[in-house]
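Chain naming follows the written order as A, B and C, and within any one chain the residues start at number 1.
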Amino acid sequence: MGRWLDFESNPWGQEVLQGVSLELMYLAIGLAVLFVVGHLVWYRSRGFSEHEKTADIQGSVAGIPERIVRHTLPSRIFHWTMGASMLVLLITAFVPLLGLEFAWVTIHWIAGAVLILTIIYHVIHSILWQDFWSMMSFNVREAIGHFRHLLSSKSTEPEKPGKYPFDHRMYHQGIVVVSLAAIVTGVLMTLRIKTPFWEPNAYYPLVDQAISGLNELGEPAITVLPGEATGFVFVIHGIAGVALIVMVAAHIYFAIRPDKRYYLWGMIRGWIDRKQYLAHFDPDKWSVVDGTIQESPPGGAIADSTVSAPRVDD
Amino acid sequence: MAIIRDMIPAFELFQPTTVEDALALMAEHGEGGWVLAGGLDSYDWFKDRIKRPEAVIDLGGIDELKGIIDGQDGLEIGAMTTLTEIVRHERVRSEYILLADAAEHVATPQIRNQGTLGGNISQDTRCWYYRSGWACYRAGGNTCYAAAPQAMNREHAITGTSRCVAVNPSDTAPALVALDAKMTVRGRRSSNVYDAEDFFIGPATDITRMTVLEPGDLLTQIDIPSEWANAHFYYEKVRDRGSWDFQLVSVAAAFKTSGNTIDDARIAVNGVAPFPVRLDAVERLVKGAAVDEALAIEAGEIAIQGSRPLKHNEYKQPMMSNLVRRAVRSVA
Amino acid sequence: MAEKIIGTDIAPQDLVAKITGRAKYAEDFRADGMVFAKLLLSPMPHARVRGVDTTKALAMPGVIDILRADEVRQIEGRPGEASLTDEPLYEGQPILAVAAETEEQAAAAIEEIEVDFEPLPFVLDPLDSLRPNGPNAYTGGNRFGGGEFSELKWTDADFEEIEAGRMPNGEAAVEWTKGDIDTAFSESDLVLEESIVHQSLTHHPMETRSAMMYWENGKLHAFVSTQSAQRTKYAIAGTLNIDPEDVILVAEYCGGGFGSKISGNTHMEVPAVFSRKIGRPVMLRITRYEENYIGRARPGFQSWLKMGFLDDGTCNAIDLYIVQESGPFGAGDFNTAGMIADLVYTPQNMRFRGIAMYTNTPPKAAQRGPGGAQIVIMMEPILEKAARQLGLDRLEVHLKNAPDADVGFGPRNSTLTSVYAKEALEKGAEIFDWAGKQELSGRREGSKVTGIGIGLSPYTAGSRGYDGLMVIHPDGKLYVHQGLGNLGTHSIMDTARPAAEILNLNWDQVELVWGDSSRGMPRSSVQAGSQTTHAHSRANHAAGMDARAKVLEVAAQTLGGSPSNYDMDNGRVFRRGGGASMTFAQVAERAIELGGRYDGHELPDNIHATTVPAANMLAGQGLMGVARDNYGGSGGVYSWVAGFALVELDEETGVVDIKEYVAVTDCGTVLHPRSLGAQVLGGSIQGMGQAMTQRWVFDPKWGVPFANRLYTARPPGILDVPLDMKADAVGIPDPQTPVGAKGIGEPPVGAGGAAVTSAVADAMGGHCLCRTPLTPDIILAELEGLSQPFTLEQHIG
């Protein structure tokens, strides 16, 4: 493994950042594989069940419907659109680097544009129509509990979560940061290529432009190496990109894990059943008990039309 | 590290006499090897110390790559045949004058004596940002300096761009596309034949190459099928000065005609994209049509549809349009 | 009877050597122990060197030493060029030099040197520097005067004009007027106003400015490429601050200079100082790429022009404003341009304003017809437009406005020795068949339109007061010592002709001594400003007269009688009417016996001090003719060329094909017709290139030039030249010079360029594109109604 960053000479012969090196991509792929394998080993070593836990329903289930809406249709459309665009972005970004040549740039930026639109939609939707804090909350005690559980087999299992368990929230926060970094830098990079919306501009006015300041002699000087800002943008985009390889791989891995299957079903069908609800979630934290909820919605129908929670916590 | 130009650094020179040996040497040296044909593109790079191969494999001693053979179906031209030989070849002149015309528009007599057909079509772009050794996309960097709003891009592309806006500089390339030539590319273990228009690739596919040739690949032969022999041809190249100059825009066209009706056509333009552009839409328009000025004008208009100029090359749209118009008009 | 020499075609003495490749140019010389130097060039247009790490380079095989800026002469306190610098003012300015056993080693060592550059703000276009808050070429400002830098900026309102495509009339640095332009414009029947851009363009002579030098016994042996010889020796001595007699200059041939190597060049200092430092001969071979940077360029103009005409075609007022792109060290073209505008069109009312702005582009210098070529190339299309609007024949308009011998022009109302511009126009019109060609103007064949044009171009063509030095040796031959450079114009040969004629010698009895200062060079003019034919036909005339008088005296003293009883022919001096005679060989021997003034042991008092060492060196070798040109004269010496061009403009491609060209010159007596033709047509072709093809391109973001090589700079090639070209001369001697000959190097450039720009304007129906070069993109954009890609603020690109 060589250096993680690539440097190039700008037209004035000064060494400036160019981007992340190809090795970082291989590293990310390696990390993704390691993570999955590592998790499998850890999971086995801790003797956890490969199967989904189910609740032994005892006591009152009054007011808890048979099917609990986990993700409304708009939410699911958002999720899958975003996921698809993310996959397209990753494939168009990295597959050509692995040697399979195709015209990827246009597909990449269009997928990026789709991603941005879905995120804008998601942000508005989650702020106005969803319980924003159900995803954004953070609790130190809960975090400590989780890490203890992760590291020590003697620790007690963390408390059952509300609608979004701790790791989901952390993942979400992480992906928000990484995606935003990728998106902001991606937009800056797209400004440099031809699209139907603008003419390409290789330089970032105000950023990459040779900025005049004063040197130590009090004379006007060029303080930012031309081309340097471009390099930073590429580095951030590159790091975000390879981070996304790992994060998306982990996401997919957990999504298809048999013990977490209820999440996948929730995201496909929109609902989970009462047993799953009671087995994995704390009804105090994720309350679905409300007079408006119907028992046993018509079989098989996706619950959106028939079930609505008071706080539609997706 | 300071920059110095105009001084060729030392390299190891190999002068194989067979294609097999050349391929073996290319495989041996991989990315560090450089295939030298006439040298007119190569030495420029070496002189500027921008491309610094460790080994140069000179094809000049491989006789099997030289000369023009009357094949069963048209002409078989060795990739190392000089442009002068092509210009002077009797059958090229009598049946495929389009190619002779195009070859004769290359640079100067001295350069045509030295330059080869294979080299002419495989040469790198002349974008001066790239040729100045700037770390542009094509050079493996992350910028197209030529597409910037204030950039000097009068010579650059109006279509077919993808991040890189450089143009293909070859005079013979559009003629070979119009003649439906076939390029034989040999690797150590494989041999592929490409249609001329597929031989050239754009930056969307691979931004660092202009042709399908990858390290280890050798263009050995260019076949001109008899399909288009003795067609009505049109070639024109517009350049800033009359010699030793690359095209601003060039057009090469082949028409099969009956009277002034076009039965079939192949039209290619160069200097407008990173690869010679075949004008399928124009070909469809003119096929079966009787040529008059209205058709020629329409052909010219269709030719530039979808093109988009950079700051300094809007003129290429009317220039390309007019050249296509003239090509169609020439049939009447 | 000895042959007629003046006005005949005689192959120059250096022809065979040049054609066979035996001629040795600077880079062909070798010396024992010679090493090669390579230059490290600045990668940025304006910077300061903060530090240099040469450790790795010095440790490389073959590397001998490194020469830095503090070891060469620096100009302090004002904008001035040093051969090496730590504050580069243009991309490509040499920072340091490396010497190594081989050139490859030196180049490799350059790559291992780490230079820490601090980039500084830079400016490429003078208008950018005039913008409020625009960058300056120097950290101290954009103007220099009175010993300090200052800032001159135009106003925002001025720049609103520029955005509207008009040149503003911001504050000027130079202004002169004559007459009353306001009244004159108000009385004019036609007033035209244009904004015009003329590009900067490199000199790119065929031979780059290579030099090899070594020191031996305290003397510097310098092998250089230079336009001048004797004056270059003094320039080198001046730079190194050594006795000129300690410089042995060898410069037998020069592959062109066009004004860029007038008395050598700044960078000759590098091998001189470096070889002194390391004690070995140093060869500095300049490559084409380096020549692009250090090889000088013609300044570009951004200009505003207003011309007023009367009904009869009289140009009665000119208001001209020129902003000049001057590079980092300045240039004077714009002032000359103002004077030439006045001279060609003789308005009685004129205002000239101009400002030369420093820029961070490679240095500017005189280029063949500096200022004059630009202005006529810019103005002739406007004359074409005026004539068309007034319904007049352009030839008539020219004839009406062209000056006569009594002309007074420019800010000091300068006068001239002679003017036969009208004769040149008339003769040219006749050869070109201007009257007949009128019918072709505007003729359309397919997409091609024909245009015809005239360019009238004057330029300085002489100077006075130099020395001639020649010796008749005991071999009977006349050895003419020339201190000129051998620039390829043949003037180094042809200016010896008057001496041969005065002595009634055949040309094969004349030997030319040139190119090596150790063989004796008299005080000479620089080979620039087209001076040499005039200056040295006079100097050699004077020395020839001196030799003739001495030959007659020697004959009289030897054979009896008085000198007036004798005459000479074919290398013999003889008593008129028959009788005793002597060969020149005998005369030479006798002169040596006589000594004193006859063999150069006594020299005239009035010759230049710098001729004396050369004459002393030759004293005692034979009969010496040595004299200063004291013929005198008043007024400037100008030659003229009237150029006529026929072009075909392809309206579908914007391509201009120059089909015919005729040039007729007023350069006084013709010394050498074939060489004159080469000068007139060669210069015209250079002008055509300037008008049509040659360009320089800079990336505005990085401030670095492209088009650095001959193929991208695009000087005209053989296929850009009309097949049908004719040159001729008026042939009327200049009355103020004994031979009657004036120089011719420079005026053809403007004539060739202007005839073509004016013909293009004609083909476009009297439309002035007002921009050079007129490449197909510019023309096609105009014809297709597209916006012009290049703006007023891009004198380059």
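Things to note:
Everything that follows uses one rule, which is that a contact is a pair of C-beta atoms (placed from the backbone, for glycine too) under 8 Å apart; a residue touches a chain by one contact, two chains touch by 3 or more.
Just so we're clear, the structure is a prediction, and the values are computed from it rather than from any experiment.
More contacting C-beta pairs link the chains of B-C than the other of the two pairs B-C and A-C.
The greatest centre-to-centre gap from chain A, using C-alpha centroids, is found for C.
Centre to centre, using the average C-alpha position, chain A and chain B are separated by 46 Å. The distance from the centre of chain B to the centre of chain C, with each centre set as the mean of the Cα atoms, comes to 41 Å. Centroid to centroid, with C-alpha atoms defining each point, chain A and chain C lie 70 Å apart. Counting only residues that touch two or more partner chains, chain A has 11, 13, 203. Counting only residues that touch two or more partner chains, chain C has 43, 699, 701-702, 704.
In chain B, the residues that reach two or more other chains under the touch definition are 1-3, 132, 145, 148, 151, 311. Residues 11-14, 203, 210, 212, 215, 219-222, 225-226 of chain A are the ones that touch chain C when the two sit in their complex. Interface residues of chain C, counted against chain A in their complex, comprise 43-44, 117-121, 135, 139, 699, 701-702, 704. Partner chain B is touched in their complex by these residues of chain A: 8-11, 13, 18-19, 101-106, 192-194, 199-203, 227, 230-231, 234. Within the complex formed with chain C, the residues of chain B that make contact are 1-7, 9-10, 48-49, 108, 128-129, 132, 145, 148, 150-152, 154, 238, 240-245, 248, 311-316, 318-319, 322-323, 325-326.
Remark: chain C residues 38, 40-41, 43, 103-104, 107-108, 110-115, 287-290, 447, 652-655, 692-693, 697-702, 704, 706-707, 710-712, 714, 716-720, 775-778, 780-781, 784, 786-787, 789-790, 797 touch chain B in the complex.
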